[in-house]
Amino acid sequence: MDDDSPQSRWERRTEGPLAVALLLFLGSYAVHVLADGLPPEWKDFCLTVLFGTWGLFAVDYAVRWRLSGQRLRFVRTHLVDTVVLVLPLLRPVRIVKLYDAVLRRRGQPRLSLHARVITYATLSVSLLGFAGSLAVYQVEHTAPHATILTFGDSLWWACATLSTVGYGDVTPVTPRGRIIAVGLMACGVALLGAVTGSFSSWLIQVFSTERGKRPPGN
Amino acid sequence: MDDDSPQSRWERRTEGPLAVALLLFLGSYAVHVLADGLPPEWKDFCLTVLFGTWGLFAVDYAVRWRLSGQRLRFVRTHLVDTVVLVLPLLRPVRIVKLYDAVLRRRGQPRLSLHARVITYATLSVSLLGFAGSLAVYQVEHTAPHATILTFGDSLWWACATLSTVGYGDVTPVTPRGRIIAVGLMACGVALLGAVTGSFSSWLIQVFSTERGKRPPGN
Amino acid sequence: MDDDSPQSRWERRTEGPLAVALLLFLGSYAVHVLADGLPPEWKDFCLTVLFGTWGLFAVDYAVRWRLSGQRLRFVRTHLVDTVVLVLPLLRPVRIVKLYDAVLRRRGQPRLSLHARVITYATLSVSLLGFAGSLAVYQVEHTAPHATILTFGDSLWWACATLSTVGYGDVTPVTPRGRIIAVGLMACGVALLGAVTGSFSSWLIQVFSTERGKRPPGN
Amino acid sequence: MDDDSPQSRWERRTEGPLAVALLLFLGSYAVHVLADGLPPEWKDFCLTVLFGTWGLFAVDYAVRWRLSGQRLRFVRTHLVDTVVLVLPLLRPVRIVKLYDAVLRRRGQPRLSLHARVITYATLSVSLLGFAGSLAVYQVEHTAPHATILTFGDSLWWACATLSTVGYGDVTPVTPRGRIIAVGLMACGVALLGAVTGSFSSWLIQVFSTERGKRPPGN
């Protein structure tokens, strides 16, 4: 995708607006979920922003489908894009593209591979954890026998889940809340894998560098 | 086993039927466990399918024993096969053979090593988690002081165990349920190891590729 | 230690008896802890075996100290040996020596490095978990507000701790029980590290082998 | 920083005093938090030591800023130093410098890379866990519905969090306690990563050494 094809030009130009749209989407979703006592006109405004930004995601998806010249195969070859279109709360997983674009634009020397992996994993998992907390709070806080009663509880529960600590003092009790929780657990396992894997490969690199400095006989 | 011996021919031909038998086995076990209000004739049918498929596994094991020309040593050299014959719910661990066979038959370029390991681990752990949930539900839901009362609870508990999150809001209380749980914990540790190990070796590969692109003086 | 010095001769000859002594030690400790209604003479016999085997460990330590020709420095250079003398329940960590000795004696081709690490970690962690369960049961089951009331509870708790799942349905409540628990947690983290590290280095090895098979131009 | 610039001379000379100041800081904080029935003059003395050592940290930071010749950029390029100045309880993460200095001064052959990483991780995580336990105990033990009532509870909770076991029998309930807890969870994930990564790279090193011993044809 480093060539100058219409697809990559489109992707470069839409990266910024789509990132703003993602933040708007998460922000309006947060206001929609958290602000109970909002006057109706504000609620409508929130929903408008929510669906408007989602519409932007859909337009972007449609344009890229058109530019690719593919038919139904596009859905399969761009599976991640399709999933984050249907479930826009999962969109933070695509942040890696934006992150690379920012680094490129600022002309900074790129960070080392391990620093990039850990930065990306932390950013992406934080946004996913925030989106997951919102969704779990929405479906849980009015359920009977719920233990997640405030958004603070929900954030606390998401942190304990993502680090695979899992205290269990507050846990989702509804089927929908538990399905979202399973998704966060998977993110937690992946986060552990990313941190551990980066550490491991960094140590191996340091070790081979230390060895390389000695005369070859050792 | 890439040669054309009778053993490998037998294994190639039985891969498909045995996979269907495994799905039938898990399906009939699920119906047997979950459908309480089933009329007796359906229950008998389920049990027939259950024992029929298990009989197929036994026949396959016997034929391969015969073809190997080994005596009692076969039991020791094919320890995994022996274990999954005695405890057929553990059979999903053998899915790696089927998975490789499917890839071979479709002539697809094989996935990268890391993608294969993660796909296999996910598939195998999902089926084992499903089988474990069924078994735990069967032994727990009628026990006194049980917290796992519905199959949904059991699935939720299995997910929390496999990701090593372990909330503890629902836990097995009977000795048999706890023995199954220890098996699932071992699967969870292995899953973490597989995900982390794949990530780590993938990063090391990317790193060595990046280094390979630079002139050798650096 | 592959030379024929008095130390290594002593170590080779005492490996077998010390392993038997370790099993006798754990067995008599188990009987001492678990068998409440034992007649007094049996209890005395158990304690005799317990202290007798501990005496053997002490004699072995003293002989090796003498043979080493070192003074107080021996305590520091053989720190692990000193710790397992004072806290004999930790002695399973020394099983790696016995395990290597068994493999050597049977003249078997040694297992691959990864299989050896996982086998050793599993063996050692199982024995440590068993010893930890006994110790926690001993200090907990009579404490006020205790949740670990039976040895089954204690084993179940030890498994959940070693896999870092940590349900929290049963947990130690006394300070001594919690100190033992912290030791088991450290074992759990080390077990995770061993499993993950083995997996990771095995994958890297497979990967480099696959690459080595291709022509060097790729 | 291996040159003889004023900065590195300053850092070498202040390493020892700053380590003593860190221990004094943690000690006086511990006395301040734990000793409820202390006479007022002792309390004042504790606070004096607390703020005095913090003042030393500030002076060290200011001198290094001055010596660096940088303006506001210093805050960004020395982000870790800035964070541990504002939140001195996080200062144990800088222990790696002290640890290296001690090894250098004693002229010891440096430990292997993996042993150094595990030693540093253990030391640093122990001190952070101790500081975290103190802070959580301070904000929790008087809160309504608190479960962390004694400093023993707080230490026990910190161990369960750092190993990612997470029983959940005692958990923070106040927002401030939970924010500190999230920090400890992150330390736990990093500890797991360090242990696993060290193990993994150590195995890979042993493996490549074993391969190197064989004739090159194998």
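Note that the chains take the letters A, B, C and D in the order they are written out, and that residue 1 is the start of every chain.
Basically, a contact is a pair of C-beta atoms (placed from the backbone, for glycine too) under 8 Å apart; a residue touches a chain by one contact, two chains touch by 3 or more.
Here's who's who by UniProt: A, B, C, D = Potassium channel family protein.
Fair warning: this is a prediction, and the values are worked out from it, not measured in the lab.
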What is the size of the turn, to the nearest 5°, that moves the C-alpha atoms of subunit A onto the matching ones in subunit B?
90
Pick same or different for copies subunit B and subunit C, depending on whether their interface residues overlap by over half.
different
Option in A-C, A-B or B-D whose residue-number contact pairs overlap A-D by over half
A-B
If I rank C-D and B-D by number of C-beta contact pairs, which comes first?
C-D
Between subunit C and subunit D, what's the gap in Å when you average each chain's C-alpha atoms?
30
Expressed in whole Å, how far the mean CA point of subunit B lies from that of subunit D is 42
In subunit B, what residues contact two or more other chains?
160, 164-168, 192, 196-198, 200-201, 204
Report the residues of subunit C in contact with subunit A in the complex, numbered from low to high.
164-168, 196-197, 200
For subunit B, which residues are in contact with subunit C within the complex?
113-114, 117, 160-161, 164-168, 171, 175, 178, 181-182, 185-186, 188-190, 192-194, 196-198, 200-201, 204-205
With touch defined as at the start, can you tell me which subunit C residues reach subunit B in the complex?
152, 156, 159-160, 163-169, 191-192, 195-204, 206-207, 210
